[in-house]
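Each structure below appears as structure tokens.
Here subunit A shows up in two complexes: once beside subunit B, once beside subunit C.
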Partner chain A sequence: MAKVFIYPATSLILSDMVERWGHSPLGAAVAVREHIQTPGLDSPPLQMTPDDPKRGLKYAAVEVPSGVRGRMSLFGPLIEEADAAIIVNDADLAFGCMGCARTNELVKYLIRKRGIPILDLVYPACDEDGVAFVAAIKAFLSDLPGGVP
Partner chain B sequence: MSQPVRVAQLSCGPEHSGVQKEIYDAAAAVNAEMFFPDVTLNDIRESYGAFGLEARSADLRLAIARAKALVEGRVDADAVFIATCFRCAEAAIVRNELRRYIHENSDLPVVSYSFTERTTSGTLLTRMEALTTIARRRALLAREVQEGLTMGVDSGSSTTKAIVMQDNEIIGFGWVPTTNVLGSAEEVITTALEEAGVKRTDLEATGTTGYGRFLIGNKIGADLIQEELTVNSKGAVFLADRQHGEATVIDIGGMDNKAISVQDGIPGTFTMGGICAGASGRFLEMTAKRLGVDITELGPLAMKGLSAEVPMNSYCIVFGTQSLVNALAAGSSAEDVAAAACHSVAEQVFEQQLQEIDIKEPVIMVGGTSLIEGLVHEMGKLLQTKIVVPPHSQYIGSVGSALLASGFIRGDIGEGA
Partner chain C sequence: MTEYIPTHVGTVTKYVFIDSPDITPQNLSIRAYEISQGIMIKETCFGLQITGTPDEVGRVIGELRTLDPSHIFVKDRGFPPGDPRRCRANLGGARPGYYGHEFEVRLLRYISRGLDRLAACERDGIPVPETSPKKPPAATRLDVKRLKKIIDAEEP
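On to the complex of A and B.
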């Protein structure tokens, strides 16, 4: 079983596909769950505090907006932990949305820099592309160690 | 307690910056309630296309859709708070355009703010208070005439001022540099009452504003404890006799600056703050000290100099002071240095704050720094207009406070006061 980072990290469809073909998805749900389940914090809605953008300094310098660094504090550790990644470019908002374009650029760059197996796709624009899109994801996940054929 | 003011939040990044709670706390402190206007995915796609600004960040697209929903009346709100990350260029463009769009197409009071992870509820409180006051107390803010015998106290970061007014006339003044907040207030109150020839018990209503407003207001049992954005707007248009129509009020303070776009004496959009003390009156105090002149002499001195002769950038007060020292060491005249310091402060305010509001004439400068002739001159040059400095402009907060406090004599204070 491989740990697969998904982009957009909020995509429930991608998360479900990764699980379905035998792997563990690394996405926003994992990072946010950790925050909201940490006892003693009271910082709704995500339970993020000003310490999180400071943790994000590991991935982006202080002149980078705090929102980018805060997001990187969530996604950066997941990228480091990942064995593989699926990137879906130009996804529809309904498919998954990361909110900040600058974070998106940095997240995708850091994934590509890792040198792990990556499936880089464009979001399908028609049914035919959609079928090929799912098939490509299935093939990629099945080929990863521990993947379901 | 009255119904909370419903403030619509259009934002990108506060949750991930860990400051959303600070926004909630600031709103709760002034009995306001933040909410995110509901929009559908289709709304986002359509609104984003119709608005025409090609933002790449999805949260900014969402903010655009929410703004359109507010303007088109699909969502009800009392006021709008726009917040995006400091140093994000894309967000700054969207923030400014949304503020302008809402201001031009609705009656909703709106304030925009760029935050960092260091933003606290205390930083946001004055802005939130002003926003909710405009929404909640329109009846009070519509007051144009001071009635009865009232007093206003303005506890600023540099100076404390008091004014006693009777039947629309100022009859007593008090002014001291702020040291001990309560002690300074007591001193100016005593002076103003003595000059007015009245006793404290004769006062029919009192108001406080400025940083020390809560402490002093609670101590003297003020009827009105109000932030300086709305109070200064009233004071400015009252003293400048521009109570009707559009105006822009600029107050360069000792610690922060206010730039307020006013319609009939009520703030429409405003900004408050400043990146650095280099854009505040504090830099001019330092300049006067370094030149060995009293702050009251700096303005006339600057009028005799040429700002272009000395390169000075007070974006940061440390570097600004360095430029000042270097210029003097290189043989520049005190007059030119004074003029350059005034130009630098005016330029910082112009670049950092005046771009965030719509400048409408007349432009009224108020507060202690409006007495520095050189600063007013430089600001006029930058804005290419003749700046109005009303009489007693340094007492603007006290006058606004005394004027608004008179609304409490008969009780026309508006909902939620």
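On to the complex of A and C.
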């Protein structure tokens, strides 16, 4: 079973596809769950503490806004842990403020820099696109270690 | 700051989305109650939220998927159901994350069609149609003429 980072990290479709074909999806929910199940100081809503932007310094410089560094403290360890990645490039749901936009750019850059297998896609817009989308993901996941043939 | 004592430690929560013409969230929840042991199940308008130990949740979801494999979709959730930091009962308005689901749920019919076609090809021993997926467009720069037009269109 391979660990597959999904982008957008909150994608329902990618999370389902990865799990459906026997791998483990690495998305935002995994990182958020770890935060909210760890005892510490109460810091709602996501239990992000002042230590998190400090952890984000590993991925982004100190001049970078703390929002980016905070987000990177969630996504950075997942990217390091990933054996492969699936990226959907035209995701409207990944749109957000400048913190989100810069984090998105940094996440994609770090994934590519790692040199792991990557599948680049766009969302389907018709039935034929849907077939090609699903077939491409299945073929990609089957080639990974522990994939369902 | 006060001390934070987490609840539901060691559990996982999964969303189960159903986009089927044959099965409703109610059917799904009844089936989940029939086969589950010691997990929390919450029926929602789009499907279910299931919270429990990873093994038990995985087993129940595996069973539920067999009801309609190409129309049931599963996703991890960070928070347990009803968590006051996320639940709309406390916050009002749509739950954060709802808009992402709303966007992707509109595309599920294409995914279901793809899953059906792949399953049919495997069943009949036919090779999967070789259609390459759409690739992301190459990054395009804003044309200078277009930029000038935008600047000229600005109100003084």
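One rule holds for everything that comes next: the second predicted complex is superposed on the first by the 142 of 149 C-alpha atoms of A that agree within 3 Å, B and C clash if a C-alpha of one lies under 4 Å from a C-alpha of the other, contacts with A are read in each partner's own complex, and residues count from 1 in each chain.
Heads up, the rule we're going with is that a residue touches a chain if its C-beta (ideal position, glycine included) is under 8 Å from a C-beta of that chain, and two chains touch if they have at least 3 such contacts.
Quick caveat, the model's predicted, so the values are computed rather than measured.
By the touch criterion stated above, A:71 is placed in contact with subunit B alone, subunit C being left untouched.
Of the two partner chains, neither subunit B nor subunit C is touched by A:112. Touch criterion met: A:28 reaches subunit C, while subunit B stays clear of it. Touch criterion met: A:42 reaches subunit B and subunit C at once.
Contacts of A:128 after superposition on the shared chain: subunit C is touched, whereas subunit B is not. Touching more residues of subunit A than its counterpart among subunit B and subunit C is C.
Of the two partner chains placed around the shared chain by superposition, subunit C is the only one that A:19 touches, whereas subunit B remains out of contact. In the superposition on chain A, A:58 makes contact with neither subunit B nor subunit C.
By the touch criterion defined above, A:93 reaches both subunit B and subunit C. Touched by subunit B in one complex and by subunit C in the other are residues 42-46, 93 of subunit A. The residues of subunit A lying in touch with subunit B in their complex are 42-46, 48-54, 63-71, 74, 93-94, 97-102. Contact residues on subunit C toward subunit A in their complex (touch as defined above): 1-6, 8-10, 12-13, 15, 17, 65, 73-79, 83, 85-86, 97, 99-101, 103-105, 107-115, 117-118, 128-129, 131-136.
Against subunit C, the residues of subunit A that register as touching in their complex are 8, 10-13, 15-17, 19-20, 25, 27-33, 35-47, 89-90, 92-93, 120-136, 138. Note for the complex: subunit B touches subunit A at residues 12-21, 24, 41, 44-45, 55-59, 61, 84-88, 90-91, 115-118.
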